[in-house]
Structures are given as structure tokens and as C-alpha cells.
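Here chain A shows up in two complexes: once beside chain B, once beside chain C.
Coming up: the complex of A and B.
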């Protein structure tokens, strides 16, 4: 957990200074912070403005343009459900409804206890294994969880997500 | 200029120069093409596609705002196909803008309470939109002819109106996301206080991440309001009042002399100020003072009748009684026991009349204007160059390659001058800021030098020395145009850089870097106000600056020169017409017998020959009894902020004090007679701005049911009551005729010339003006103004001084000397406080606290202290300290940093704090008293 503002700013400055991108830009700076913290806090907007010699409004304009940046701390675990065409045809809808049910959410977002963040993903790039979800950046499909049928997959994933939510993981 | 291309727009032949766009050419010739995202004065954007046209032999329908004109082009702006395209665009635009009234044919006839046959709810009607009569979307919709078939539904965004910022209301339900506000802030003002947020259908404009303008670095110049085509961004005050008249006049707040269109309501109040695009001084820009600080005109506290002291208290009297009393009493104080002080907002005519009154009627040279607190900042230019004035125009700065700004808080004190400076930086110019304080321009600086306060002249000498050492001078220019080079070079031997470094606290590398930056990036210009240079060192500074400009060949050419930034609105004009103790009109010395003889001939009286007392000496003379009677016109910040000492106490020692003012100011309260004068908006006259531009004041309002009169009239009446000859003027125009006869620099200035204008579309019968509002800011027109020297009625004016040579043939380089800097600190107040004010500090977040519907910046303000100073005082990092100066106390949190100068502490506050303070001020005219950033001696105490 982030304890206080001072530490947060230090981490932001560190992330800005140690970027690996070949061309350091406003966008690469935002990405570096997203990688470091998982989200873009208001302090990061200020620090990026200073770092790139622009204003907070310019930074905010870029940051708010991309839906992949988030501005609140993410949950402890991130679940992404793929709803790309392939997964959709292979039954992603059922999987999605099951996950939503397990997390008691009605759409993308964070659970109230901050444990899990749910995101839709337009393609996780694992079409051959679809339908897939990713839990904490690990892509899981029927083979990965050893499910032979669609029902089994839904059941297994629901279980895993529920474990995340009740804290047993 | 010869027209070198011809094109046909809607069958009409139009001639113009290349380089313009079709939209510009059409608008300038009075042909209307609707547009929404374009705005005159900004770069074309080509986003809204409203301005599409058909060009014969060209495929498709290009946007006329981005298509340059070409010879022989045949353009059609209004074909059925284009109108259909535009209808489609308008339908999309108004699908999120309340538009029941926009498409209604009887919109002009509808009142707020009417029952609407179209069932447009009251809150969605155009009549309740603050921009109703100047809505560009409405003009466009009507031009396109959206019929009754237009869908009446729209998506209302249901966002709350944001009214937490000073001066502004933001109603994002009305925004059409044309981006003009974002672009004007970034492109024209260089601030970027607003941006686009989100994307696609959710996209809107505003400050970052739900913050407010207070935090986001807004300077509250109002440029975004002026360009907003709809009611999304408006001035909060008088939001609901409609204008019935618009009159152009000059802003009375500072020497930039912005031309503003003042909108007047039916009740005879000034409700809005809109800067003029066609004005040479401000090019459509204004600042927080001109945009939001003219409310004093409407104040109820204005004086309504003359006041005369009877039995110790001021009571109303008639003009006859007051004038005869003034005349009778003043007759007893002729000669040097009398002094007159003109207003810093006085017109040329008024300043001229007051000095004529003092000299010819009262027989004394004790006459000055109240803002003449730093006469030294322009005077030495007369010796070196020839004229005590800025050499070039304000907007030439935009194309300078290097700008040196020294001791000036330009963004606040002369706001619009900072606009071309920031634009120049955007174009790649170098900006050198020499200031111990952190001011807004430091954010844009290539080199920011913080010398020890008061050592500026030594630093400049060091820079000159570095230039000479590295042979960076413009030898051809020096050989042909300057004298005294060797004397100057010889004097520079005393500026050994080791010594300069030691005295100023600035490293030799930095001095060399600044010198190289200036000398190697021509054309270069110099802005200076010398805010915190002690009076004894100012002349030396100005000489050094003039030498620097000459040495590098930066005089008499475009985008170069020197800009002395004086504080008062009409300081330049007051000097020109001789409202100073040592000069007759036209810079002729009072001691010069030939000059005196000329004026004696013109005025028909004997004139005094000894130099009089200026505003800085006169109150001391009043305390000591040397001056016994005074006539003071107008108020001045200097009367109350301590800069002139205790003025009230001195005034009370006077035997007779007459004050002419619009308000019962502190000084008026101790006067024997108070004569009510009208404000700038109710009189005619001329101001001469800091670039020598003579501009007219027009009568915006009639004087209503009060006995207040213009200052020129009052001075004439006093003179006539004293049976003086030569004060029978019927209007300020006649005074100007006399000035132009006597002052060669003004020989070509006359009211008919100043009031003429070229190619401007003026609304004929406003507000029922049939032409769309977008046609008024046609760029082709120009409002007349004259920059002196303007030597005859036929000749043109002089935007650039010394372009054809110096008045004396050659400029005279002035030798410099190293002088000891007076120590401003005392035993009691051993440290110097360097105050600063910037628009934002991105590394230090600001929080907004809301109190009583108003927002204030709430954050721990930091005081930067050098660790050694802090150790001496036992202050640790993060401790609360009290900063105490005579009369004030501030509580700040200490921050120890090696960046700080030893012996000095600095505190930089946000401009937003000042803005909210100005807005909530009870003073009728707080904008004329914006506190300056004065370096002060202080002491620190650890707070408990």
C-alpha cells in the first residue's frame, strides 16, 4: 500500500527518470507510471507536466484520451475477460456473465472492497485457446485450467475469481 | 500595397494579397461564410467544416479556413449543395446543444416569460442564455436556414454549471467543443490553462482532471470567453444583462492601452469589456484588469456633488460655491508654496492643462503625475538615444529572437506585453529573465538569473564586459551610429567578472551565458521595469541596458529596442505634455530661456524657471511646510501603499488641499474641497501608451444625474474662476489642437485623425444588426492610432524610433561605474523577502477550499531559506515560521534549499490567490491596487 504522498511522488519521479522507452515522451512517461503504480494519480499528472515541460492540462488531455489509463488505484487483482470476435463465438458471453456474477458487478470496474478490478479486453491474443480470461496478466483458457467443456471452464474460472474475491488467494 | 491576385467569390471580384485564406479574404470584403472552429487571430483549425466552399475546377468541398487564395480562383460559398452539407453539420452540432429556439423563426420576439408554442422549456431558451445577442451558433444556424423540420430533441449533458472560479462561469451543457478556448489559451496566450478532456462523444474542454482554473495556471485574461462562440464560457458579473450599445475606448488600467469595446446595458452600466482585434496595441487581447476590473465605473460610491469642508466635515455644495472657494484660496498660494499632481489615469489633455495651470496661473513648476515614481527608468534614454520612450512597438516582440526581461513582473503589471513575449518563446526565441523574484515569465525563460537584490546594474555591467571580452559587438553599427565607444569600453575595465560575481552572487558562467545568448541571437529586445532596483541605481541600469542594445546593434531596427515599462496608465503622455517638474511640453527644459520664451509667447504669461518638486518630494515638502496648498487629481496606489511615505499625514499638514476624484478616497477625506470627477468611461481624451501610441478615449456613458465633471473641465473652471486667460476650451479636441501646435512630436495628432478608421465593419443599429456577429472582427480593418513622432497632419507616424538615425546624429554610449549597493536590511529586519507570484507550480499541488460559494487556494505556502541562514535561526525543514515585515505578518512553512540566496528568503504564491482576493474585494476599484511584488526587509520567527 502507498503510505503517504512523499513516497508516492518519489516513486513517480523514479519511474519518470528510469524509463526504458527509446524516445521519452509525454505518453511514455504516463505509461512508465502506469507500469509502476498501476494507475495515474493526480500527483503524476503534475510530475509529468514538470518532467516534460508542459502543463497539467496538456498531460491530462493525453491521459484522459486513452481508456487504458486509470486514475484510481487498481484492485489487488486484475481480471480481464476477452470479448474479441473469436472468444465471443466460443462463448465469452457466458464466461463474462459468470465472472460478473462471481464479483457481484454489473460491468467493468472495481469491487467495492478494492480486491478485484474487472476489465473487458478486445483481444488477449490467444484466439486459438479461446474463450480466455486473464487473471493478473496470466491468460487462462480451457486447456490452461484443464476444462473439457464450456460448462467446466465457466465453473473453474468462476471458482478462481471467487477465490480472488474472498481473499483465499 | 499593390493587389497581386484577383479571385471571384460568389461572382464578386475581390483583389487581395497572397498568403491569406479564402475565409479571411471573404470576411474582410464583407462576404459571410459561416464558421465555428475558426476564430480571427488564431491559426486555422479546419475541424468544424462549416466554412466549406466550392471552388471551380477543384474537386470536393474544401474548408475555406484552411485553403489559401490563388489567382483566378472562382469560389462559391452558398450553393444548395453546400447548404445541405452545412445543415448536416449543424444538426450534429446542435444534437447536444439546447436548440429549440435556434431553429425557431420568432426567436427575436420571444421574452423570458412567454408561453412557447414549441414547448421549449424556459431554461433551454436562447433568451436565458448569457450570450444570446452575441451567439455565433445562432447566427450560423439562421444563415444555414434550419427549418421547422429540424429535430427538436437533443441530448442534454446534465452537468452542473461550474462557478467556483473567480470571474468565470462554465456551463459545459452549452459547449460545442470547437476548441477555440483551448487553442487561444495555448496558441495566443501561451498558458495552456485549459485542455480537451476525454475523447469522442464524451470530449469536452476544461482544466485538468476536474480541477479548477485557480489550480491549472489560468491568468484570468478572459481570452477564452471572448472567443467562445456559445454560452459555455461567460463572464459571471452582469451575466444576464443584455447590451444595448458598444463603444470602443482605451483601458485605463496600465500603459499598454488596450482598446476595448465596452458594452453598455439599458440601465447605463458598463457590463462587459471585449478587447478589439483590430487594435494595434492589443490585437484582441486583454487581461484580468481590463476584462474584469472596470466595475468601478458602475459603483454606487461614486461622488455625486462637490464637497466643501464646513466646521470640520465635508458637506455637499454647489459647483459655484466650491469653485469660488478654491479660486479664492488658491490665489493666496501662488508660487512654489503650491503644487499640483495629475492623475496617473489622466488624459494627455488633462495633464497638459494641469501643468499649464500650475505654470501659467500658479507660477510654479511643482507639477507632476502621481505615478511618476520612477522617472529614472526612461529619462537616461534621452541622453543616450534621444527620446525617453520605448523604441519599438509591443507586437514586434513576437518576432524577436531574444528578449531580455529585467525586474519586471510583466504578466501582472503590463499583461498584454507578455503575450508577444510568450509567443516569441514558442517560436524559438531565447528569453533571459533577470529577477530576484520568481515571476510568471521565469517559467518561459531560457536563462533565469537571480542576482542579489539591487545589484542589477553591476550584473548588466558584467554582461557588457563579457560581450566586449568575447568581441561580440556589432562593429559596423557602432562605427556608423554611435559615439563614445572607447569611453564605455574603458569604464568596463572596472567590471572584473570575479568582482561582479562576488557582488551579485551570479556565477561568471551564467553571466557569460546570458551575454552570449543576448548578443548572438538578434534581433533582440529589452523589457525593463526595474521594480526592485534602488532609485540611486536605476539610471545606471538604464544606461547599461541602452549601451547593451547599442553595442549589439539592436536599436532602430524591427523586433529590437528598449521598452521601459512605467507603472501609470498615461505616464508616457504626461511626460510628453510636460506634466513633470523639470520639463515643459515636448521635453523642453524649464531652465532653457528659449523654450520658456516660446511658451510665454503662446500662453501670454511669465513662466517660472527653477525646477519644481516631483511627486516623490512634494509630500515631504508638505510635511515640512514648504508646500502649503495642493491640487491633487485622482487617486494613486502610491498614496496608500507607503511608497511615497505617509501621504495622509503630510496632506493633513497642508493649509489647503483640493482633490479631484470619482471616489471619496483616503486623501479626499482629509481635503478641504473635493471636486467630483467622472471616470474614464464618461469623458473624451487621449492616452499615449508605452509604445508612444496616441489612442482616443471615447465617451461610453453619459454622466447621469450627478454633478461629476471631467477633470479637464474642472481645471479649466478653476483657472477661469481665478480670471486666468487661455482656459476657454469647449472640448478636449481643442486642447489637443493646442498641444499639437506646441509639441512638435504631436504636430500631426488630431482628433479627426485618431477617430478615423479604415475598413472596419461597425454594427449599424445594434442589437438588431442584420449582419452575423462573426463579421465584426474582420481582420482587414484598422483602428486609427498614431505613434509619435508624428510631425505633421499629412505625414505618417513612427512605429520604430531611430530607424533613420538618431536626433543628434549619433547615439552616445554612456560610461558605467561600479557603485556600492545600499543595504536595505536593518538590524531589526535582517533578511530580504523575495516575493514571487506564478500561475502554477506543477510540482506542488494546490487544493481548493470552498467558503461561501467562493473558492480559495488552500495549501501550505513555502518559504525557501538557505540552510546556513536557517541554522543560524534554529529553523528546521518543514517548520512553521512567521515572516514579519513592518506592518505585515505571514505564516509559511520553511523549506531549506541550497537554491536560495544567503541573506534572502523567497516565497512564491499562486496568481489564483490574487484573483480570488480581487474578486472578493470590497474596494470599488481593487484592480488599480494590485499589490506589486516588492522586495522587503523582514525578520523570521519560529511559529508556535
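Coming up: the complex of A and C.
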């Protein structure tokens, strides 16, 4: 958690000044802040507007268009479940059901204690290993978690997610 | 700056050391398919075990060989032995394998998938005999899984940048363009437009600043071949872009990738940096008068960002919403400069076309579709993976022989091809040749090469709803036929899956579909009716069962599905913003 606002501004400015993009744009600036903080705080909107000579409106316009941006701090862990057609055929909806159950959520969002953020992904790019999830940006399919049947996978992923939520990892 | 001859010698020296030196060379597939199968702990296990035993070996993290069903896939090349591939390895199996084959000399046929190279290993099949490999002709994928994508020397040692050297030293830009014309190469991003012709538009546009944009947005779920190429062999794309730049008189290249796919992004950034380091990018490339610059541009999550004009908006840092045409990109493109957009696969063919000649490429494939098709096979299929086969190969052969059909003795029901805007092929329709025209005639498209197989348990209505849910979620919202049409289509399909269809729903869907096709600004809305139309054509009875008999023949589509909501106005307006101007 970020303790004071001075720090936050500093980190935002640092991220803006040291972008990986060679050509700096409004979008590259927002992505740089997303990489640094995991979300776009209101201060970042102002800083990006200043940095890119845009209006606050322009910055919100871009930030609200791409669903990878969020505007509140993410949970300590980020779980993404693929709902793409390949994973769908291989049981993604069952997996999603179980994960939602383990987190006591009814859709995308954060657990009330701020431990886990759940996101749906249109395709994690590992379709050959479906159904896949990603936990803290590591993509995992059945083989990686040692679950060869669909049921075992649902069980194993639910366990892993429950562990994230109750703080045992 | 070194000459190309010097670069090549240095690269070959290093490569020779890896391939026939004293030490074993261990390659682990670590593209995202490998990662998802657990390859990273396997690499760690190898490093730890080799160190523990004091065995000197080279361990490389390579990309994807395409045999994704066998991930984590590891291969070991020992001095004097052929190269042996091990399948589905777990970290627990690693110490045993190191003990038997590296400390000892037992190649462990029980863990092996195949071997390749000179010699013979008892009890293990040859790679070239595997059904998934034997049909392949690997051009764009020629290096995937063989080289370390972070090492430019390995690319050069296997013939990389020779085409660029040839082009700059003995070919004029129009010769390069002519070679591509002769090859018959057509775009692999969806529309199959002839690449040479597209390039000729750009070369006629005035410079000096012109752009080549390599499209790796790859939003089609079920396709990961563009990212696969960048993760496994980024230099083949980098070289292709430079050649396209030379052919068209362009000055800049941009590789466009979706944020979050760190494997392809990082490897492409590194490849570009290395190419600059060796004088293959920048001013006066290889001592010629040609200068070219390249960078990576990241987009946020947006399917429509892959549409060529939305892509340019995104590079400029805006919302990925398509532009009106004309003006066309070759006249007014990114930052107002003439631009040419090609898919990653399209550009990745170019180095080999220039090295071997357009005639050679045109000799592969079918009458109208030259070269190869790069496919991603996934879903209810025994051997999912990424393959490159000549255009015109029978689809049946690929699905049943190469990929082994549906697993568990079940039968296939349909194939979803060409991405969410593509179509469904009935399993009875697999007796067609895999090329642009035959696929289109059958009511599907080849598109970017994703083929998702569904077995007898899958419900065609449920799949259609899912695809439309995707299209609705991804509509950029710029024009109403698509924005509202997709939403309305989804509503009707949701009703159908709840068995609450109303009389006239079918009519309503058809009207919406026609209006979307006629009135949408970009391909997303124009083609958005395709998935529904092709499903209706192949599975009309299944639709009728849902609508009239209020039942699903497969019992698969009970209850709602979870899909994300794109609209987040609530969230956004909840943020107080202090206006300080």
C-alpha cells in the first residue's frame, strides 16, 4: 500500500519519465503507470494529462476504453480466468464457477478484504493447454498444477485460489 | 561496423560450439504454452540438478516447436548422439533423466517423444515420422523451438539476415517487391490480400517518412501463432519488416503487440535492440545507403485494435476505434504518414522468399493460395499445437491424422475457424482442402489460422452465444449498427439458451445481422453476423430444438454464462478528479 501522496506522485512521475516505449503517447504513459502501480489513481490522470499535453477528458477517454486499466488499487493477488472459446469447450465456465465460489464473488472484481482481484480474460494465449488461468501473471494449465482430469483441475485451482484468499500464501 | 561476412562467421563459430562442442545442449520450450504446462520449474530443475552433479551443459530457453500437446518439451543434444525430445516432463522426472542420460548414457525411451539428426536411437521414433510433424513444411516457423530467441547469433547461424544482406547488396527495392509479387504471398491476417500489391501502394506514396506496421494484436481466441513466432523467433519478423521497409522505401517499422503478453513483447524488444547493436537496424544498414528504425508499440486490451485503422489510432495513443476510409493507410496512415499494415505471419515469410526466390514459394501450396498455412489447433483434440502445412493440404488429414481427432474415442461435431468473426464447419465438411478459397466456399474462413475443435458434447447454440458475447464485449462502440446490433443479438441468443425464445426471434436475428453487415464501419460489425449465420446453416435443427422444443439436445447450455462487462461508467464517474489546469 502506498503511504503518502507525495510518494505516489513521485512514482507516477518516475514511471512517466522512464517508459519502455520509444514513442511516448497518452496510452504508453497510462500503461507505464499501470505497470508501476497496478492501477490508475486520480493523480495519474492529472500527471498524464500534463505530461502528454492532453486534457483530463482525453486521458479519461483512453483510460476508460481499455479494460486492462483499473482505477482502484488491485488486490494483493490477481487471478485471471480465460473464457475464450477453446477454454470454454474445455470447461472454463465450471472453473469460473468454482473460483467465484471460493472467493465469494458474483463476477469480476475484488474480494472485500482486498486480497484477490478476479478478472476474466478473452484468451491468455495458451489455448493448447486449456482451460487456463493465470495467477499473479503466471499462466497455468492442467499439466502445470498436476491435474489431469477436468474435475481435478477445478479442485486444484479452487484450492490455490482459496489459499490466496485466506492468506496462507 | 562488422561486415555481414564477419557477423556470419562469428555466429557460425558460436553455433558450432553449441551443436558439436563438448557439452550437451539442453533446450526447454518456454513459450506461453510451455509456461502453462509448467516448463519454468522444469528449467529450474535442470539447472539445479546439473549444478549439483557438476555437469557442464548449455541450457537454453527456446520457444515453441508447435508440439504443444507434449509440453513441457525438452530436448537434449549430446555430443555424438542425435537430438532427443522428451515429452510432458515434470520437475520430479528431471533428476532421473539427468542421471540416466547425462551422467550415464541411457536415452530413456520411456520419457522420450522423438529424436532427430544423424544416428539412430532404439525404441524412440524419428521426429520426421510423427504424424503431427511429417506433413509440415516449415518456412515462417523454421527456427521455432530450435533457437534461443534471445540470441541473434543463433538466428544468423541458421541463415538469418542473409536475405537482408542479399537485398541490400544485389537487389533494388523494386526487385524485392517483384519477388514478393511472384511468390503469390497473400496476407495472413484475415483478408488474404496480395502482399506485393499492398506494398506497391506504399512504394508509390511520397516519403521520406513511411511506416511498416507489423500487426501482432492477435485478439482471436484460439490463435496464438503470431505471438508464437515472436516468442520463438522474433528476428524472422524483424528481418521481414526491414525487407518490407526496403522494398517500399519506408523509414520506420512498428511491431504492435497487446500489453500483458510479456513473452513476445520482451523477446521482440530484445531482438530489435540486438539488431541495432549489429548494425542491422539504424542508419546505413550493413554499410548501404538504406536506413530504417524499428520499435515496439503496446496496446491495451482491445480486439478491434487489430483492425488496421484502429491499430494506427492505438499507436498514436488514442482509443482503438477504426477510422473512416478513405484516406487509406498507404496515403495517410500512422501519425499522418503513409503506412502499410501486415500480419506477423505474412512478414515472417519474407526473409525466406527473398533468400530462395518467389518462384520457390509459389511452388508450394494450391493454385490460389501459395505457401503454407500456419494453424493453431486447440479444443477437443488429441494433439493441440501449432503446425505449418502447405496450403491445399486436406483438412481431414490435419484434424484426424496430424492432430489425432477428438480425444477419448469421442467424435467431432464442428470446427470453429478463423476467429470469432469466422464460422463453424460441420465435422462432415472436413473433406476440403485447406486454403483461402475452399474454406470460404464451405462457409468458414481460414483467417489467422485458429481452428478450435468441438466434440459431440458441445452445443452449437452455446458456442454461437459465446462467440457473440465476445464480439459484443469487444465492439468498440463507434458505430451503432455494431454496438447495438451485437448487444441485441446476444440478448436473443441468451434467451435461446434459457429456452425462452419468442416467436419471431429468428427473424429479428436475421434483420440485425443484415443491418450490421450493411451499416457497420469496420469488419468487426460487418462480419459479426458470420458466426451466427454459419452456425444456423450447419445446425438449424439444434437452433430449432432450443427455440421450439425448449430443450438442448446436448444438455450443455443450461444457465447463464459468466462474461465480463465492458461498460464501466459507474466506476469511472465514481472517481473525484480535482481539476487543476
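By our rule, the second predicted complex is superposed on the first by the 169 of 169 C-alpha atoms of A that agree within 3 Å, B and C clash if a C-alpha of one lies under 4 Å from a C-alpha of the other, contacts with A are read in each partner's own complex, and residues count from 1 in each chain.
The rule is short, and it goes like this: a residue touches a chain if its C-beta (ideal position, glycine included) is under 8 Å from a C-beta of that chain, and two chains touch if they have at least 3 such contacts.
All of these numbers come straight from a predicted model, not from anything done at the bench.
J.: Could you look at A:18 and tell me whether it touches chain B, chain C, both or neither (first, second, both, neither)?
T.: In the superposed model, A:18 contacts neither chain B nor chain C.
J.: Would you mind checking which one, chain B or chain C, touches more residues on chain A?
T.: In the superposed model, C touches more residues of chain A.
J.: Scan A:56 for contacts with chain B and chain C and give back first, second, both or neither.
T.: A:56: touches chain B and chain C.
J.: Between chain B (first) and chain C (second), which, if any, makes contact with A:31: first, second, both or neither?
T.: A:31 contacts chain C only, not chain B.
J.: When the two structures are overlaid on chain A, which partner does A:47 contact: first (chain B), second (chain C), both, or neither?
T.: In the superposition, A:47 touches chain B alone.
J.: In the superposed arrangement, which partner chain does A:107 touch: chain B (first), chain C (second), both, or neither?
T.: second
J.: In the overlay, answer first, second, both or neither for which of chain B and chain C A:90 touches.
T.: second
J.: Name the contact category of A:130: first (chain B only), second (chain C only), both, or neither.
T.: The answer is second: A:130 touches chain C but not chain B.
J.: Of the partners chain B and chain C, which touch A:149 in the superposed model: first, second, both, neither?
T.: It touches nothing on chain B or chain C.
J.: Considering each complex separately, which residues of chain A are in contact with chain B in the first and with chain C in the second?
T.: On chain A, the residues that contact chain B in one structure and chain C in the other are 42, 45-46, 56, 60-61, 64-65, 71.
J.: Can you name the residues of chain A that touch chain C in the complex?
T.: Those residues of chain A that touch chain C are 20-23, 25-31, 34, 42, 45-46, 52, 56, 60-69, 71, 82-90, 93, 96-97, 100, 107-108, 119-120, 122-130, 132, 137-141, 143-146.
J.: Provide the residue numbers of chain B that touch chain A in the complex, in ascending order.
T.: Touching chain A from chain B are residues 191-199, 207-209, 211, 215-217, 840, 842-845.
J.: Over in the complex, which chain A residues touch chain B? Could you list them?
T.: By the definition above, chain A touches chain B via 42-43, 45-47, 49-50, 54-61, 64-65, 71.
J.: In their complex, what parts of chain C are in touch with chain A?
T.: Residues 32-33, 35-38, 40, 68-69, 71-72, 88, 90, 218-224, 227, 259-262, 269, 295-303, 314-320, 376-380, 384-386, 416, 420, 450, 452, 454-455, 458, 463, 466-467, 470, 473-474, 476, 561-566, 568-569, 571-572, 575-581.
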